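Chain nomenclature is as follows: A, B, C and D, assigned in order of appearance, with residue numbering initiated at 1 for each chain independently.
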Amino acid sequence: MVVVMKSGASQSQIDHVVKLVREIGLKDHVIVGTERTVVAVIGDDRNKDRSRFETVDGVEKVVPILAPYKMASKEVKKERTVVPLGGTLGGKVGSQKVGVIAGPCSVENKAQLLEIAHMVKEAGAVGLRGGAFKPRTNPYSFQGMGEKGLELLALAREETGLGVVTEVIAVEQVKLVAKYADVLQVGARNMQNFNLLTAVGEEGKPVLLKRGMSATLEEFLLAAEYIMSRGNGNVMLCERGIRTYEEYVRNTLALAAVPELHRVSHLPVVIDPSQGTGKSYLVDSMCRAAVAAGADGLIIEVHNDPEHALTDGAQSVTPQQFAEMMRAIKRVAAAVDREA
Amino acid sequence: MVVVMKSGASQSQIDHVVKLVREIGLKDHVIVGTERTVVAVIGDDRNKDRSRFETVDGVEKVVPILAPYKMASKEVKKERTVVPLGGTLGGKVGSQKVGVIAGPCSVENKAQLLEIAHMVKEAGAVGLRGGAFKPRTNPYSFQGMGEKGLELLALAREETGLGVVTEVIAVEQVKLVAKYADVLQVGARNMQNFNLLTAVGEEGKPVLLKRGMSATLEEFLLAAEYIMSRGNGNVMLCERGIRTYEEYVRNTLALAAVPELHRVSHLPVVIDPSQGTGKSYLVDSMCRAAVAAGADGLIIEVHNDPEHALTDGAQSVTPQQFAEMMRAIKRVAAAVDREA
Amino acid sequence: MVVVMKSGASQSQIDHVVKLVREIGLKDHVIVGTERTVVAVIGDDRNKDRSRFETVDGVEKVVPILAPYKMASKEVKKERTVVPLGGTLGGKVGSQKVGVIAGPCSVENKAQLLEIAHMVKEAGAVGLRGGAFKPRTNPYSFQGMGEKGLELLALAREETGLGVVTEVIAVEQVKLVAKYADVLQVGARNMQNFNLLTAVGEEGKPVLLKRGMSATLEEFLLAAEYIMSRGNGNVMLCERGIRTYEEYVRNTLALAAVPELHRVSHLPVVIDPSQGTGKSYLVDSMCRAAVAAGADGLIIEVHNDPEHALTDGAQSVTPQQFAEMMRAIKRVAAAVDREA
Amino acid sequence: MVVVMKSGASQSQIDHVVKLVREIGLKDHVIVGTERTVVAVIGDDRNKDRSRFETVDGVEKVVPILAPYKMASKEVKKERTVVPLGGTLGGKVGSQKVGVIAGPCSVENKAQLLEIAHMVKEAGAVGLRGGAFKPRTNPYSFQGMGEKGLELLALAREETGLGVVTEVIAVEQVKLVAKYADVLQVGARNMQNFNLLTAVGEEGKPVLLKRGMSATLEEFLLAAEYIMSRGNGNVMLCERGIRTYEEYVRNTLALAAVPELHRVSHLPVVIDPSQGTGKSYLVDSMCRAAVAAGADGLIIEVHNDPEHALTDGAQSVTPQQFAEMMRAIKRVAAAVDREA
């Protein structure tokens, strides 16, 4: 970090900053400029509380130099991480082939789930999404089928070979969900539920980590770091739209996150164009754009009867639309030297 | 809700919307305008998934009319809620007197906590804040003292009479924290941790609920509704700054939330100017502004040695600064016919 | 619009709203629901001040139904608009071929401009960008070469056949810039400089209109409407990134604007990945994503010596990088049945 | 600025940065840390394009140290600026007394303006606001009375002694508006209309500069710098709400801007709670909060018949409400050792 002193800071104020730097085991390097004096702090200050320096007399601001995450960083691991999606189809995210995960927002019943699962598999998906435990904004809304939903997901895997990706919303459910699922999804609202991150880190199954709706990329990577620091390196980073002032979409899909995350991290990046727009008519073009931008995976909401979907009807595409989208996705993937 | 049809929607499309409205037990009222046909939906649709209508052919958009929360609403309860803060000082939030809660970001040790507790009590605080379990963005940062910290908080209450307000970050901690605390704080990162909201709702102790950093007021009130729907009506709504593009503050403190929440809800409103700005030099003026805007309570970070605080040094004021601030707060409170 | 009355609004309050509706020449339709009474307003209220209804006693809120723009809307003109870029290469934006505009942020001197112009033409660009009048945040920064820069742009057109796209920042410059340029660019900071919009509308040359950095799509289309309402239908809508809380980019490029603008408007859409990210290393992938999303044009900053660029060095790519990008863009364009 | 090299940057990359630093006449100071090498740049780089360094091989990022504005800064001028509002009442902004400016959004006719002017004067206002040239988002909306409106404003000044504050929206209007007005208002949409800023700087009359709806404070102060650099030091900074994801308000009023602007600049700060919320029922509490936060002035929309206002009815208060608000404002002002 660099501690910038105020214009006219006194020598004793500078000395005091130096003393504080040394107290926490780091080295100082004082630079007297024509406009400001700055104290450059030398050493690894990733785990130090930089904010304390801001409160010191004579300090104008503190500028961090090092990103605080390590295991998620390309500095620590150069080769890209490939995460298996489970099932018998051998789906992966992070390899040359874009891994497509599709399915309903919520598991609603056996007929619904199996019909959708077969159709998305036919169209080229390798993973099946479907919520059994639903984090709902409204306490009076449908909260998911619970374990019964997990059983149906496992059945759908048996019938289709698709890997099962499903959300876990509480520490006490981790064991249960892990019993049925191939990939544990941590939702945007739980991206900073640190106990949950720790629990899925300890469980060990691959994790699809969604970016919080107003998380910075640094916070996102620190959330991944929580999971990885417990020994679980199989983390997929999922951009699902951020909250902005825009009102024609539910969220603003920030696709530049794809190349930026690839630049700083070895973890694969998945795009969720369904949550990322909230409008089924925008999903198709955002899938194509995501693949063109270099996304390693897609997760897409598909429902066989969106008008009667229990959740998220507005952003679900039909299996027929999905099949058509997959044809377009494959063409774009080929144009950027990938497959789908 | 009102379902707005596209320009040129066909009669059969309109009929189909009407059919879907009736399917969910509501009444329709079709209005043929000169520019658009709209289907007004009559009845309580608060718990219906409105989004499904957006996916129907011929529909342009769906406009909600009713706010989805009930128990948090002034429509259901006209008289304002007053929440007790515990301890022997009789502190309350929601009454004519502004309830001030103060203390360190984290409990660090006995000497630190007791010194601060005595000083903030002297200055006029009625509640003591202090984190024993800390939700930290960085997995390598100090995570709090745990139960030992709770014991120290209880000791400080015994010595000073201040009510104890402390954060609970996981369902499995609720019982433990409730054993020591007077008020359970749910942090911004957990505002949509619905299992935690349910658990603190069932526990029954007063709750200080912080607004998520990008939560709308509707989402904020629905989070309160989760707690209230479990039988716990003692909820304080705490505005602590929202995430915007502004970069001179850690968060943008949205003080218009105070009169707006008072307009739509009977729950008392607390302002956190420490988190809400992230800069100790902005806390004083934001305390005064909050009280002038009608806030029912304040929660303020105070540390006896900010330069060595383990967490959030940059936004902590000293006990001496706090005492001075309290004198200013009392004057402003009097000017708006309240006390502090 | 729909005027939603408060719960418990009196009959005389409802009658008063009805009276106000009729005063402005519209029809009312009162719907008494179980929870709320709403007054549906029938007729074209696009140019009425809806906000006045919000202030009326007993009114809870006013919900607009009709978008306020007309000429920019697909309701008024179904066929897509194709805008010519000028020069002798026959470049267009809005046709099957994606129109690529490239060049330096600022015109700096003859050698620089001609070298870049020749190289981007070789690589496949059909338009040349380059600022002669620069809107600079800092009053002490380089403000552009002025008319001398315009002369160089015209010279570059003569030598290469590229159409010239350059920014006009003041009403009094419109005539001068139009003398040299093929396309007048209105920058993001001037998107709501209504006098300038009117002036370029009256001038008649094609306009590249940049989205304001926090403009909604409705405001963006209303800005286009200003130009079109003066008889100039040759407007290109340019998404150049919006201001959000994200800090790894200069702006967040909102690519879902492409399909959404295509859905509601007949005007072509151009993407600016240079401004839209602010980082040269993100430009390549965002160009590909933009084309995959359906963009009709791209505008890209290219500099032959970014380290010594007078403006925007950080987001400029070299001519060599640009040539490589164009090859990738052509492949993606083909994959979505277009050319580039 | 500090140029941070990538981990593993080569010596020749570092040397190249040093060379570039020297090329622009500044000094370098290389610090080899354990994790990164940084090149501290010594000297005044306020007017240098820092972004060019970002494009250099081996550079990770560039961190600015100095704020780019000078004349607006407290480093250059310690004593606070007091701006006269004109008229015969001696109103000022920046002195111990809070200067209140009130009046209609638009001048509509003589009777309306004079009635409002007399009533706001009675209640304690010292300035009269009222738009004669209106920047309207919608080209079909009322655009203001033009010069006729300016004449009415001058008449109202004659009758009441109030200083006249009115908006100028184009360079070519500056002379005309200055002929009638005491204070030239530059609106939020024109905060970065640099030609207009220059023109009002050269004109010399006091300026009320509104913050752009997504401007940072640095951009805001640079806009003030444009005006001041032309010799006009009488600039009032007006916070009028910023654009965020919040939807219950038209804008989010960022009151922490008051103490922050006071901390870094000597210019007085005015708050616009009408634009800053967009809801008349929020104006009262935000006025009180603004004064408690230390605002030097307020600008408030008052209309004698909001239901029939031609513009901004929803955010206008009545003269009766204004008079009551002024009584509350005076009490809060006294509580923070000021008057109103």
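Definition applied: a contact is a pair of C-beta atoms (placed from the backbone, for glycine too) under 8 Å apart; a residue touches a chain by one contact, two chains touch by 3 or more.
Computed from a predicted model, the values in this text were never measured in an experiment.
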{"item": "Chain pair showing more contacts of the two, B-C and B-D", "value": "B-D"}
{"item": "Centroid comparison with subunit A (C-alpha atoms), farthest chain", "value": "D"}
{"item": "Inter-chain centre distance, subunit B versus subunit C - centres from mean C-alpha coordinates, in Å", "value": "39"}
{"item": "Whole-Å gap separating subunit C and subunit D, where each centre is the average of the chain's CA atoms", "value": "26"}
{"item": "Centre-of-Cα separation between subunit D and subunit B, whole angstrom", "value": "31"}
{"item": "Sites on subunit A at which at least two other chains make contact", "value": "214, 243-245, 247"}
{"item": "Category of the chain touch graph - line, ring, star, complete, other", "value": "complete"}
{"item": "Parts of subunit C lying in touch with subunit D, wherever the complex brings them together", "value": "20, 46-47, 49, 51-56, 68, 135-142, 169-172, 189-190, 192-195, 213-214, 219, 222, 225-226, 229, 243, 279-280, 306-316"}
{"item": "Parts of subunit D lying in touch with subunit A, wherever the complex brings them together", "value": "2, 4, 7, 29, 31, 33-36, 38, 40, 42-44, 63, 65-66, 75, 243-245, 247"}
{"item": "Residues of subunit D defined as touching subunit B within the complex", "value": "214, 216-217, 242, 244-249, 252-256, 258-260, 263, 276-277, 281-282, 284-286, 288-294, 328, 331-332, 334-336"}
